[in-house]
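Each of the next two complexes has chain A plus one more chain, namely chain B in the first and chain C in the second.
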Partner chain A sequence: MYDGGKIITGLILFVLLVTFPIWYNHGNAGAVPKVELPKVAKECVLPASEMRTSHMQLLNEWRDKVLRTGDRSFDVKIGDKEYQKSLMNTCMQCHISKKKFCDKCHSYASVKPYCWDCHVAPVE
Partner chain B sequence: MDKKRRDFLKIAGVSTLAGLGGTSVIGQMLSGSTPAEAGAAKEVSGHGNEHAPAAHGSNPHGSVAKSGKRLGMVIDLRKFRENPHLGEKVVEACHSTHNVPDFPNKKDEIKWTWLTEYEKAFTEHSHYYKDHSTLDHEVLVMCNHCDNPPCVRACPTRATFKNKEGIVAMDYHRCIGCRFCMAACPYGMRSFNWRDPRAGLDMNTINTRFPTRMRGVVEKCNFCAERVGIGKQPACVEACGSSKALVFGNLNDPNSEIRKVLKANYTIQRKPSLGTHPSVFYIV
Partner chain C sequence: MKYTIPLAAVLGLVFFALLGSQIPGMQYIFGVVIPYAAVLMFIGGFCYRVIYWAKSPVPFKIPTTCGQGYSLDWIKRDRLEAPVNSLEVAGRMFLEIVLFRSLWRNTKSEVHAGPKLTYESSKWLWLFAILFHYSFLVVLLRHLRLFLEPVPFAVGALEFADGILQIGAPTMYLTDATLLLGLALLFGRRVVNRQVRYISLPNDYFPLFLIAGIAVTGILMRFFLRGGIDITVIKTLAVGLVTFHPTIGGDLGAIFYAHLFLVCCLLAYFPFSKLMHMGGVFLSPTRNMANDSRMKRHVNPWNDPTIKPHSYSGYEDEFREDMIEQGIPVEKELPKKADDEKVA
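Moving on, here comes the complex of A and B:
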């Protein structure tokens, strides 16, 4: 191999540079986002762990039920109280801050949901 | 390779036959039905619940659905002539309820319901020697929520569809902004968001119970599906108060108020010859 030393050093440097974020943070995930929980309610429509993993599926389900099958009944329950299936009129009535709740995790995970292109976030 | 030309042609012929006929034979054996039945089954499953009224209601010739709910409206233009400010009040009520933006440039305009001249609303009716009241007063127009809606057939994503209650609804999540529905609507009742609609709204005074739209989707009157669904009257009907200028109800229920009004008055529809079967009726 011609210039073997240069190529191998170059390759090592390249690999080191590319993997920089991995070894620099060595397994540290960084500060976990802290969301502001509602003060008015203790429970959500589903247990917190389920909400954390599948709130997006739930919102899609609500959307399809309300918009496409026209089922606008107030059948979401927290305890005995019934709520309608609505992002703006149910979720955001307790989670009064989009910036301190939704955006916290969404910016951490670098996801950009398009909900707010149309749906109106609470005034902050 | 020791292949004779004769052998090669035999193999080629058999594999061509297998390729042409084999797949369909296997498909039939797997589904266990004739092709005609299989096609029909696919047709049925292709129509979801949302298309239930359309499925039994509108054949290609556009016959009117007899069963199920079909929401409609009667617009009494006599009441609008008596009270000249009622029209503007109705439009304002609709547009503020649904966060419809206000753009001064005609090309960017978004409208759900508005007032227009008689001959523009009723192009099929004779306009020679109009009387004063027809000349001086404008007609309230909105989506006709047709029973045989051409916009629904044109939509490639089923973003616009006919719901269980006979409302021609829009699902803005699905709209790709192709504007086929605008070309298909014979009444021109649809608007396209050329610009971000929020630029034409005062975000401090909007209705926070209803979303806005985004740039690049088509919008139109939704017969207040979000209000009707929770037992309220449409915003425009509510704005008329007790004047009965607008009567809203189920056209398929013979005892409903709207049917009584239709029975007691001569009504006309917009462009009836097109066979779209509008659900909006006018008392002129």
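Moving on, here comes the complex of A and C:
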């Protein structure tokens, strides 16, 4: 084998690099995020499973609708309360803590929504 | 045609996963068993191929030299095109691997009026290849957020830079567009350019379609078919896989299994295909050898060890008399005394 030393070293480096997630986590999978659910209500604006997967699409839709047509009404009633299409006036009324709710999942999934550059999060 | 079979194969794989993953109990197979098997095949196959290549004999020094080689010291030499030491070779390899430098030498021959034949550098291939490979790399590195807990700062920074346009939610990534664009251009090149179309084989099209399939399923999953795509559940599975405690904590959309299955197919297929150029580029003798065959003796392993090297002076010593007799010029004349004896 010509340059066997160099090739084997390179190969070992390659394998270490490819298996990097194994060394990085070293067997510790970390905790699955536990979010604090609202106490004031029992249901979300959509079924919880749908919210978990697609809440950002709903927010995006709301944003576009409100800003383009000015239509803030949202035809889902939760209990006897009516809600409007709004980030602060709807979501954050029930989910009163951004840190204990939104951020829990987001830091786990490494997403940093830029919404809070402008929108004001509830005071905590 | 040469691309219908690979296309049908990739579509077949997608449907296989879409349907298969919906059979109760099969989620564990698609989410855990197949990924582990694929990673083992990838790493094992990769090492096997590299060691197999490393073992092959190297009879000659064959670096391609495309510039002035080392010569008299007043002749300007080209250190990158005809490297003579390890440092210069390393520079050449680095630029090759990082910037795909030799693709600038992709030439297009044309006959102009005259008739005059010209060879012009055609940098399109280089551009398409750079676009594709770097988009792929960034997508791959961004995916580390699913496998690492806590997510390192660098991965977050890459996501931020890639999503800098802030279009929609979830934000659109630049590399999603450039990856698909790169693939489309590389495919288009094989279809549009007559010469390249002629030499393209099904196994040139298959990896393109497979990677396009991965990109399309990924993009559909992120932006369009979000039903059942709970990223927390997926991350728990992904982190579980790399910590050897995989769990599937919920019903995941079929499109996720299709995406993952195609990735597994890519990993398993990789070592046995042309994609091994990833490892091969490091081992290509025309790039990684120094152009020093006149400075260092390179021994051909095929040489019969019983045949000893025979230098020219030794050769002349052996045949001097005959050479002089035949009028062949020699470097050393016959000794004077020997001459006298011959006459006497």
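Keep this in mind: the second predicted complex is superposed on the first by the 103 of 124 C-alpha atoms of A that agree within 3 Å, B and C clash if a C-alpha of one lies under 4 Å from a C-alpha of the other, contacts with A are read in each partner's own complex, and residues count from 1 in each chain.
The rule we apply is simple: contacts are C-beta pairs under 8 Å (C-beta built on N, C-alpha and C of every residue); 3 or more make two chains touch, one makes a residue touch a chain.
Just so we're clear, the structure is a prediction, and the values are computed from it rather than from any experiment.
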Figure out whether A:Met88 sits in contact with chain B (first) or chain C (second), or with both, or with neither. first
Have a look at where A:Cys118 lands relative to chain B and chain C in the superposition and call it first, second, both or neither. first
Thinking of the overlay built on chain A, is A:Ser54 touched by chain B (first), by chain C (second), by both, or by neither? second
For A:Val40 in the superposed arrangement: first (chain B), second (chain C), both or neither? neither
Which partner, chain B or chain C, is in contact with more residues of chain A? C
Looking at the overlay, does A:Arg68 come into contact with chain B only (first), chain C only (second), both, or neither? first
Taking the superposition on A as described, I'd like to know which of chain B and chain C A:Leu17 touches: first, second, both or neither. neither
Which positions of chain A sit in both the chain B and the chain C interface? 114
The chain C residues in contact with chain A across the complex are 42-43, 46-47, 50-51, 54-55, 58, 144-145, 147-152, 155-156, 159-160, 166, 168-170, 226-232, 235-236, 239-240, 242-245, 249, 279, 282-283
Which part of chain A faces chain C closely enough to touch in the complex? 1-4, 7-8, 10-11, 14-15, 18-19, 21-22, 24-25, 27-30, 32-33, 49-50, 52-54, 56-57, 59-60, 105, 107-114
Parts of chain B lying in touch with chain A, wherever the complex brings them together: 48-50, 99, 161, 163-165, 169, 171-173, 203-204, 206, 208-214, 225-226, 229-230
Per the touch rule above, chain A residues touching chain B in the complex are 63, 66-70, 72, 84, 88-89, 114, 117-120, 122-123
